[in-house]
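Note that chain A is present in both complexes that follow, paired respectively with chain B and with chain C.
Coming up: the complex of A and B.
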């Protein structure tokens, strides 16, 4: 019993860290985007203000059961991802569910939320929501291919499918996987563009076309849960990349430096890019990223 | 074993009685039908112990029926799904015509499938196989639509498979002089290499037709969607598994012993993978739910074929687990479509929308089925998918695993299309009158939905019989090193522990659900799907906001080049070519005696001219 309580406490702490970091990154992104576009931009803590405003609102209307459950579904996938990904290496503070699932499980639990959310968005009856969902799912089929190729390359090279196993492999050899399996890293980073949905892959939300897509009928607490889920998910995904390719992080500061550096890749690429059409986005992922994925697999087979 | 005789006597007698009972009253017919399916099911699981057998002889040929663990696993699918589908059928067939015809063929199908899994000799196997083909063919043409195109296509492919199997049986008999499957397997090692290669090919051809493997799948979409939905759940869920059943036996007992067997298995696995990918893409394109599920069945059977043809322990377990899961979720989904068809009269996504509030239980069943199909934890589909991926990765099939991953990610698209098309989206006045389906239809669906949830956390319930069945086929016991009741391992020792995952998911879900609803829920009111902000404006009552036409258009544009080639077109081209040939042959017979006289003269001239060469 004590162990369970301890685990729950660990999970809550992890969640709070992820929430704060994710929100701050979101705010910084807004600031950076503004500066690149020669605007002043909101302060970096603007996201917190938005979030707490939304959280304190009362809910007036709903569209039915699935609509009510949509945000909770979304949160399940973000938090589960966060719990399965080891936050700090060589540290017993955040054990969570690290040893209970592996990479394939992670891939699937990461799709749980968007699908649940899609059901919620579907019940609102707003056509923009459904269009956004179909775009999002299409894009997912696109970027999952190079992403899975990169992961498969890592798995076969080190003969393990668990994240902790791959981290141990890096600790033993002393080289980060981004240097020992460069092609896998390139493919994974390219897939990350799709995962984070910044331009040119912001086809799901698509502000000017779809009026923010799947979230469009949600406000107040619904939007707050979605927003925080997004922040937590961002943090979890970045941590996963760090764990897999950059040797993990032994303390919070290093973790923040590494994740922020990685996060800037899709953000900076996105600021100056226009938006793709859906089929262009899907095909983009099946071009160069898949080619690098193939190279990664070939490299892994040769080096195995 | 007398129980076997009693079971089959009840099946046969009950089928005929049910057929004629329609003349008396429909209630008597329903009860008789249910009894005919449920009583033998009860007898089989209570009275027949695994390992029992019944030898008998017919016209001097000695035959053998018996149950082993592997057959028992498939009888579980057949009779389990069969009974649930039977209960569902009673509700589905209410008020429909030709009920006797339906019930008769339904019972015969269940009987023949049970017969297949207990047949230990090739003669009864073949006879039951043919009864299965015939009864399913009669179901396919039940509605009378498109009998020419769909019915004939199904029958031609089944016939090709059956003749191949018959040929193999004759060859085996000419070598071994016995029909027992056991003897065939024994003698296989001593056969000439040519026979060793041809016998599996002929058998696999027959099984691949039923398992709808590319390029022999073209009958499936039409046949699945044309049969009554109550039967299609059995057709796609159980009947197609008979192909898998045969395939596993042939692969394990024959192909594995061949030094060239690896090539066989690779080709089969790749065909399965391509089947999965193409089936998925075509499923996304369909606007009719029946067609969508039919293509999806083809795709799902592709995964199963990949699993069983890779043939490592984990892959085999994955394939068989997916077979059980597919029976469950595809059975459920076809039942859902049947319920919607009964209540609304159509199965087209572009016509029906927004049923979630009218048919909540059906939606629940559909949701469970879809989550299981998509392979998302914590439902049972995930276990099968996980095992399949891990088995492919650990057995060096790196490109195949990418192909499989592509198709199962793309499957999300049609999963969402299915749920959104029927249940979500705009509620329209046209469907305001729709009520929930009757209890006899809802209960089987919901039961299967719940079972899928249970299997997601305790897969050991099904993995145990699978393990026993595989041990029958000569695999080693994999308990504790590939699976436990709620833990699954791969062969590198990585694992997923399912119970804490289920509890965490439930915990997080409930916490945030309460967070959203806390204090606020009573103050909220339900608003219709017209009461939304569409681009900042509130739409008017008569404004059409339904989104269902061209649902996955952008994605289809992205994959358009792959979909230009269609197996169906090649077959049609082949058929047209043959027709042209026959037409030419027909023209020789002009019906004019003068022409025939010319033929005779020409023939004699040719003989005279070439007599030195010819004689």
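Coming up: the complex of A and C.
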């Protein structure tokens, strides 16, 4: 019983840390974008102000039950991803709720949120939402293939389907998986461009073209839930990458350094790139990333 | 939110502070003043450092920025857009045309005084106002929000019949939905 209480308390702590870190990363992204464009930019805590304002706005929109549940689906998916991913290795404040086969579970749960959001956006009846949803699902079909290939390569090579198993393998050999299976790392990082939806792949939101796509009918508190769920999901995905490929983290400072370094890859690539069209994006993901995914699987089968 | 005068005061203060520093603008760019918005938002004048950024749809926006003259046809759309926005919401009238008609004062199909049809919180005059003037207008709006005096939306609800009568007088075929707040 005591253990359960500790787990619940730890889950709350994990959520708060993920929220704060994700929001701060979002604000830093805006600041860095502004500096690259030779602007002063908003303060790094701008996202917190925006979130508070959105939460304090009144909301008189009702398009139906599914529309109300869309943001909730997103939030549930983010929190479940966060709780399955081990944040710090061997720390009591961050409970390790993972189990055998949680990598396969993650593959499902990470697509669950966007699918729920797609249903919610469909009920609003806004044409921009519908176009955004079809684009998002096409893009997901694109980047899921190299991402799954990278994960399958890891599973074959180390004969385990749990994240802690892969972390143990890295701890035993002393080398990070990004060095011992580099092709899987390259494929996974390329798939990450699609996951974070920064600029060459921001075809879902598509500012000035689709009027923010699936979220175009959502304002105020809906946007607040989506924003916080996005921040939590960002943190969870970055932590997952760190756990899988960069040996995890033993304390919070190392975790922040590693996640921020990894986060800068899609952000900096995005600032300097224009947007792809949908078919270009899908073709990009089915090109080199999938090739590296294939190489990773071949390497895994040979080295097994 | 909370049924206590003093705590309500503190909550209002914090909420107004966050509203003041996070202004999402829906630029209704049919008039010629819309050309002044890109320089205001981009590197030279950088409105984002004040928390001002563009919003994509009326649902997400806080401020409706009406840039320049309004014809009778676009007035109808502006009213639709304004009524889709969520509280608290503000309107900025941009340029001389929204104040007294400007150079289109005797045109047969533009309106002269925007304040008769929508509650305007801040006017920015000039034909057209430069980005410095636009930023000063935003600063004025921030001041009014912080003082809690930017209550155009509340006035619109209170005097809805007066506004509706004015709108219906100028718009010939009225097919808008009727609201009952």
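Criterion: the second predicted complex is superposed on the first by the 299 of 304 C-alpha atoms of A that agree within 3 Å, B and C clash if a C-alpha of one lies under 4 Å from a C-alpha of the other, contacts with A are read in each partner's own complex, and residues count from 1 in each chain.
To be clear about the criterion, a residue touches a chain if its C-beta (ideal position, glycine included) is under 8 Å from a C-beta of that chain, and two chains touch if they have at least 3 such contacts.
The model shown is predicted, which means the values in this text are computed figures rather than measured ones.
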In the overlay, answer first, second, both or neither for which of chain B and chain C A:217 touches.
both
Based on the superposed arrangement, let me know which partner A:40 touches: chain B (first), chain C (second), both, or neither?
second
Output check: A:302 vs chain B and chain C. Expected answer is one of first, second, both, neither. What do you get?
neither
Could you look at A:144 and tell me whether it touches chain B, chain C, both or neither (first, second, both, neither)?
first
Look at A:104 in the shared chain and tell me whether it touches chain B only, chain C only, both, or neither; answer first, second, both or neither.
first
Looking at the overlay, does A:60 come into contact with chain B only (first), chain C only (second), both, or neither?
both
Look at A:5 in the shared chain and tell me whether it touches chain B only, chain C only, both, or neither; answer first, second, both or neither.
neither
Overlap of the chain B and chain C footprints on chain A, listed as residue numbers:
58-61, 128, 211, 216-217
Spell out the residues on chain C that touch chain A in their complex, using ranges where they run on.
14-15, 18-19, 21-22, 42-43, 46, 48-49, 51, 53, 56-62, 85-88
Touching chain B in the complex: which residues of chain A?
11, 58-66, 68-69, 71-73, 75-76, 79-80, 83, 97, 99-102, 104-105, 108-109, 111-112, 115, 118-119, 122-128, 130-131, 133-135, 137-138, 140-142, 144-145, 148-149, 152, 155-156, 159-162, 165, 211, 216-217, 221-222, 225, 277-279, 282-283, 293, 297, 300-301
Could you please specify the touching residues of chain B with respect to chain A in the complex?
354, 356-357, 360, 367, 374-377, 382, 385-386, 389-390, 393, 396, 398-399, 401-402, 405-406, 409-410, 412-413, 415-416, 419-420, 423-427, 490, 492, 494-497, 500-501, 504-505, 508-510, 512-513, 515-517, 520-521, 523-536, 545-547, 551-552, 554-555, 557-558
Would you pull the chain A residues touching chain C in the complex into a rising list?
30, 34, 37-42, 46, 49-50, 52-53, 56-61, 128, 207-208, 211-212, 215-220, 223
